[in-house]
Structures are given as C-alpha cells and as structure tokens.
Amino acid sequence: MTTVLLAGGFGKMGVAIQNMLAEQADLTLVGILGRTPHEATVPVFTELDEIDVTADVWVDVTLPESAFDNATYALSHGFDLVVGTSGLAADQVSQLRHLAEKYARHAIIVPNFSLSAVLLMQFAEKAAQYFPDAEVLEIHNPNKVDSPSGTAQATASRIAAARKAKPVTQYRADAARGEAIDQVPVHAMRLPGYVAEEEVIFGAPGETLRLKQTSFTRASFMGGVALAIRNVTQVDGLAVGLDQLL
Amino acid sequence: MTTVLLAGGFGKMGVAIQNMLAEQADLTLVGILGRTPHEATVPVFTELDEIDVTADVWVDVTLPESAFDNATYALSHGFDLVVGTSGLAADQVSQLRHLAEKYARHAIIVPNFSLSAVLLMQFAEKAAQYFPDAEVLEIHNPNKVDSPSGTAQATASRIAAARKAKPVTQYRADAARGEAIDQVPVHAMRLPGYVAEEEVIFGAPGETLRLKQTSFTRASFMGGVALAIRNVTQVDGLAVGLDQLL
Amino acid sequence: MTTVLLAGGFGKMGVAIQNMLAEQADLTLVGILGRTPHEATVPVFTELDEIDVTADVWVDVTLPESAFDNATYALSHGFDLVVGTSGLAADQVSQLRHLAEKYARHAIIVPNFSLSAVLLMQFAEKAAQYFPDAEVLEIHNPNKVDSPSGTAQATASRIAAARKAKPVTQYRADAARGEAIDQVPVHAMRLPGYVAEEEVIFGAPGETLRLKQTSFTRASFMGGVALAIRNVTQVDGLAVGLDQLL
Amino acid sequence: MTTVLLAGGFGKMGVAIQNMLAEQADLTLVGILGRTPHEATVPVFTELDEIDVTADVWVDVTLPESAFDNATYALSHGFDLVVGTSGLAADQVSQLRHLAEKYARHAIIVPNFSLSAVLLMQFAEKAAQYFPDAEVLEIHNPNKVDSPSGTAQATASRIAAARKAKPVTQYRADAARGEAIDQVPVHAMRLPGYVAEEEVIFGAPGETLRLKQTSFTRASFMGGVALAIRNVTQVDGLAVGLDQLL
C-alpha cells in the first residue's frame, strides 16, 4: 500500500487523479493541498504549515510558481516526490536534486504523463540509430498557441542525438519543410477535433517506419501518474522524464 | 477498338505506356514518335512530317518544349489528344483549346495520371464544403528538389475555393506551421523510401477525416492513361485534369 | 430562422442537441418532449397530446420503440421530421414515407449523424468505381458488442455495388481475412481509448488510397444534426441517410 | 574490412546483395556459390568442394533444402555465418548451434532482414508491457497465399508473452474479429499495390499507440544484411533473429 498527498488536487488534473486513486487498491489518498478550502473525504490543507499528515509520495500538479516551494517542503519533510510540471527552471531542478540527495529521498519530474508519448520517444530514439532520416508531425487543438509542441521538440532532439549516420536528405529551409530542430524537421498542424497527436516518420531505401500516438482525453495521463507513484522509489535522487521508469 | 499514336514512346513513361497498351485488348498502338530511331513492333518516326499513319488518339508524354508543337500538329491532323505534361504555359493551353474547337476534336491535358491522386483531390474539395479546417501533408523522395509538390499546391487551392465557412484555426506563420497556400497549410517531408504520398487532414469538433494516397511505382499511372485514352471523346474541346473524366 | 421541437431532449444526445441549438443563431428550440418532467428554458411535455407549440422541424432522438409513434404524430401535425435512429423496421419506414407524402411534409431518417462517416461512405463508393480491390477496417470501444459495425457493413455493401470490375484478390475465408460482406472483407478491432474509427483501404497496381474517419466525442454528431435541420425541406417525401443532403 | 562468401548469389536476393556489397567500402565479396556457372568479378563455385577461398562471413540466401548443408560446411570450414531463410527445421537449428559452439564460430539465422520489421517487433513487445490491449494488421500483395504472415504471427506471440496485465477486451471469435494468436487478434488484408505492411495498434484509456512499417522493395532488406555481416561476431554461438543484434 502506497499513501499519497496530492498538491493541486482540485484542478482538472487533480480531480482526475483523485478519481484514479479511488479506483486503485494499492494507492491511498491521505490528504490534499489546495489553494482554497474544498469538501473532500480526506483532510484538505490550504497552507504548507497546516499539513499534519504524512504520506509515502507527494504528487504535485500545481502551477510552476508553487511547485518549487511545494517540492522543497516535501523533500525536506519525508515525502518522495512526483512533480507533474514542465515549468521548473534548470537551477530549481538542480536545487531539488541536491535536496533529494541530502535527505535520501526519491524524486521524479514528469513533463508528460502520457505513457504512449513517452514510449514513442524511446522508440524513436532507438530507431534513429538505424534510420537517420526522420521527420516529426504533431497535431494539436487550435487553442494551443505555441508550435511545435515541447514533446515534439524533445523528440526531435533525441532523434538527432541518437543518429549514428548522416541523413540522406539535405534539409532546406523552405516554408513547407517544417522547422528543423537539431536538423530534424518538425511539422505542426492545428485542427479542431484533435487533443494531441505525435507521429515520427522514418524513411530508408525501400521501407518506412511510422510511430504514432494519439491522446483523446486527460484519462490518458492516469496510467503514467500511477506508474510514477508506484515506482518513484526506483529513482536514485532525482530523475526527469517518465521514461526513466520504463 | 481505339488506336493510339504515342509521342515520347521511348522515355520511362513511354515504355510503360507501350507495355500497358500491349495488355489492353481494346487499345492498339499504331505508331511511335521518338527523338531517335528505335526498334519497335510498330512504325517509329523521328519527325512530325514523317508520320504516315492515323490513329484515334495522340498520346503525348514528351517534354514541355516539344509537347506544344506535337499537340498543335495532332489537333490539326485528325487526332484526339491526351497530353501528359504540366509544363505548358497558359497561352499555349489557350491556343490548343482554340485548335480543338476549330477542328472539332477532343483534347485533355493531364498533369497527374494517378487515379488515387485525382480522386483524393476531388474528395478533399467535397469535404472542404463541410470541414473548413484542413491541412495537407506530402511526402516525396529526397531527390525532389521543389516543395511543396504541385499536386499538394493544387489540392490546397481547391480546398480553399470550396470552403463555405471560415476555418476555426487562425494560421500563424511559424516555421513549423507549414506554407499557407490560399490559407491552407501545406507541409512537405523528404524521406528516402517514399516515391510520393499525399494526405489531407480535416478536423472538426469531435471528429477527423483523413484522405491519403500513396504511389509506389510508375505502374500507378497506367490506369489513368488508359482511362484518358478511352474517354477523351467525352471532352468538349479541351479539358485540364483527369478529374474531368471521373 | 428555423424552430425545433426536440423529442428525447434529456438523454445524452438530447442534451448535446440542446446545447448546440443554443449556439446557432438561426435555429431556435421551442419545446422538448421527454419521458419525465425536467427544468428547461422552454416548455417540456411528457405526452404527445400535451404538446401545444408548433415548430418547423421535429427532431427525434428517442429510442426506437417511441420514435415511430412520435414520427407519425409529427408528420400528421404539421412538422417536418429529422429522426436520429437506425432502429425502425422496414415497414415502419414505408408507413412514414406514405405519411410524409400524404401530408406533403419533408422527412429524413439519419442512422449516423457524423459528417465524416457519411462523406467517407460517399467517397468509398466513388473510389470503388476505379479501384475494385478494397477492404474495410473499423475500430470501436470494447463495450461495443456486435461486430462489424453497421456503418462498416453499409460501407462494404456500397463498395460492392459500385464496383465496375472484379477485384484482383480472390477472397478466401481464413480467420485472419475478415468477414466478407458482399465480397468486401471487413475487419473489426475492439480497443480501449477508441470511440469509433472507420478506414477503407483501396489497392491498385503501384498505388493505394486510404480514407479514414475518427470520432472522438458525441460533439462530432452536432454538425450533422444542424445540417439535417437546416436542409430537411430539400427532401421530397422521406429520405434515409444524411448523404441525401450532401 | 570484412570479407564475404555469398551462397545463392544469382537469385533475386543474391544479386541485390552483390550490388549492396559493391557499394560498401568495408565489405568485400570474395566468392560466390551458385547452382550454375555465371560470369562475375569474383570466383564462382557450383559445388561446396570446389571452394578454394576463405572469407570472414558466409552469407547464405539459398533455398532451405541447400541452406543446412551449406551452413554445416561453412561452420566447419572457418566461416562465421549469416543465414537468410526461415525454412530450417528446429533440429537443424540445434545441430547448427552445436557446430557453432564446437568450432567457436558466430552464426545468426535471420528470418526477416527488414530493419523496420524487426524494430517494430521489439517496440511492440516493449509497449505490450504497459498496454495489454493490442491488435495486429498486416497487408500483403494478393500473391501471398497464406495468412496471416509469419511476421505478424511472431509479433502477436511476442506481444502476448510480454503482457503484464490482462487485456480489457474480451476476444470473441466473430468472423470480423480476426484470428487470435495467443489471444492477440491478427487481421490480414490482401490488396494489389502493397508489397508488405505491418501495423500494431495499442489502445488504453484516452490514448492509442500505432506502430507501422511498410516495405516497398527488396532494397529494404539490404540494411539488415549489412548489419548482420558487420555484427555477427557479437553473437555467442548461434542466434535467431536480427533483433539479437539491435
């Protein structure tokens, strides 16, 4: 049995995690940290110094501005740590790593809880060793203002780093040819109906390999959250990325 | 039975057409116009004024520089006309239309003989009436130097013209967002292994529609060539595009 | 302005239609027929003989057992009719056609409101004229007990009817080769995550054409509902299938 | 520099390998074993006892009936061994393993040289640990008489073996639901235009992962042949499957 304190438990992601925890026999919610008081079946705290419960794992899905303070508190008060934000600065990550080591705790920062997205990245990295020619296509809802997505950028960077040979295709910066991230062209579509989709397309003489993941709903993140909670103790100190646990 | 004179009969496309004609019971090759003498089972001519056979249809797969003179000759000497080049200038097309009408002949200019590509364009045009949000992705071999492809550009233009409502997505000229052709983003990938692929992706609340055609080999053009030869008499004067016959 | 009476307005589909109507300036909800009383901004009726409002169009998303009686009432009391159920028997459809003609009303029965699904079927039918080799793949949620889906079966039948040539592939009834519906193999996958997806794959020498639609949420039906309401007056008597309006 | 003796050097696959070797600076062809005499730039042998050259690696792309005798000869005469056939019996493989160990040689049997197919299988196996619900779709040319393909069967078996949880979907043996191989449904399409395609589709709450490889031409095997030649010395004794080297 693993006990959980959930910070940010009344946002959309937090509520989804509450529901997920209620369905998992081996995971138990013991307290929630929120910005304002809410009804709940477990104690709810609105300030760090009110917290009077302990738990095995502190799960933090608050905004970046509070996540760092929360994480600092958690590591120095006996919690292992799962942080679900990509907004921490590099020096904040360094400080948290230092704290995790000092207090002999286990911590993981997870920019993307989607298991299919994390596996896709791993597979793309492996395939790039054999297929240096690759392009990335991501499709998101029109509400997403930036492009390409952080996940697509990270995928492209990992493909570039994993290549053992030069690609056949000479990239040329035409408008239709995408944005080259470390020499891997990335294309972004914005279309209603889509939540999030990422595809990596490899080409080699006489064959192609296409790896694609699609997220339909927030439910897709819950498998990754549960996996992180259950396995965070495998991390030495602090790790970044769910694939550290796969 | 339809008889055919084939201009450009010894290029790659010409040889493929020779083979296709040999397999079709209702189509008969009666002569070939080539730049240099070749062995063949039918008379071979290297100059227009040597031609001493007649045929129902003149099929022209020569380069743009000779296609116009050939086409002029054909229409004024009793042939119906199938021209397989996209390289004619607008005023050349006008002159050929005038000739086709003057001599009461039937002529079609076919930039792309791929039936799947032509159907895809028709379907995309129809779908755009109901789904104004669309993007185009084309993938070709790295040897293709220009991007996006002419077919992708034409597809985007037809989607834009067919729309009845404004798309939800506001296009912004980020590098990863493709080249907007008439406000339809077009993305081009260049990967070994691929010959030619075109996909149109539509998005609407809660649903998507994806139309994709892939060409593996030149064999994919032969169905379109045969269709054009068999049906060119349905054209009044001159038409552009195989979809005029579908 | 088109006025609407909505039968079945408090089921999942009914609520979605209420919300859609509230957003469309040219469509106005004037009454709801439900099985039990509900709060609403318009009059709610629980019996046919209570109805004391008139409307241009009666939209019926009730279960098959009440849809026929409702439809009979609507056509004989001055409403045009949009019925969103596939469960009516053939003789019930005949009777409704007779009524629509007798009262000079316009009626459409719509088994599938998804515009992308309806367009896909139309496109598949057209493509089958040129590509006789085709197979169908549908993917639905594990909760769907029957297979293949009604839409996939209808798609296969329309492909078979539209073919002008015999397919190259000789179908053989191996377990992995799908269920042949009118000689078109249909494959059904059942996977969590999916709501509904249908793909038709055509193959011909050197090329393939793939047409695919994916439904993520019930929102995908609203475009079709609005289209049916706005255009039902184009129907002479009674029609079946949204594609009669496309 | 690695030297190669090529058995079966004048079949379609053999000729392709000859051409590939000619292009690789670090691989040198030093002799060919064929069934009948041919012109070549290296010595050609038609019987095993004629062979009077040595090489680092014996590459065998002969038919199964001669592959075993060839392999026996190779391992006992100082060659490492790459065998490209899936037709060897289990006891033949055992005998070859024994020989490889006895003579301290390195041997690999490769049923499928396509790197994309081999990577796909590896990735599917990994993903199945997290996504127990999976189905396989393979598409081949109508000329392929058996179904499903050996690669699809192997993929399904490896997915089944890798699962850590029971799939949500209860398989029911409907005609459209494919052939269940170790409880993984496998679907086979036969369509002109296709050479070979395999796709594995995973579904989980709110997300899907699709892995697909397409082979267009025999050129797709050459990367795998070169990889096997270059890395066979990494094998202890005898291994089966190119993925042992990835």
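Observations, loosely collected:
We call the chains A, B, C and D, going by the order they appear; numbering starts again at 1 in every chain.
In the analysis below, a residue touches a chain if its C-beta (ideal position, glycine included) is under 8 Å from a C-beta of that chain, and two chains touch if they have at least 3 such contacts.
Chain identities (UniProt): A, B, C, D = 4-hydroxy-tetrahydrodipicolinate reductase.
Quick caveat: nothing in here was measured; it's all calculated off a predicted structure.
Taking A-C and A-B together, the chain pair joined by more C-beta contacts is A-B. Look at the CA centroids: the one farthest from the centroid of chain C belongs to D.
Taking each chain's centre as the mean of its C-alpha atoms, chain B lies 36 Å from chain C. If each chain is reduced to the centroid of its CA atoms, chain A and chain C end up 39 Å from each other. Taking each chain's centre as the mean of its C-alpha atoms, chain A lies 47 Å from chain B. The set of chain D residues touching two or more other chains comprises 193, 202, 204-208, 216, 220. Here chain B touches chain D in the complex through residues 193, 195, 216, 220, going by the rule given at the top. The residues of chain A lying in touch with chain B in their complex are 133-135, 137, 139, 142, 147-148, 152, 168-170, 172-179, 185-194, 201-208.
The part of chain A that touches chain D in the complex is made up of residues 114-116, 119-120, 122-123, 126-127, 130-131, 202, 204-223, 227, 246.
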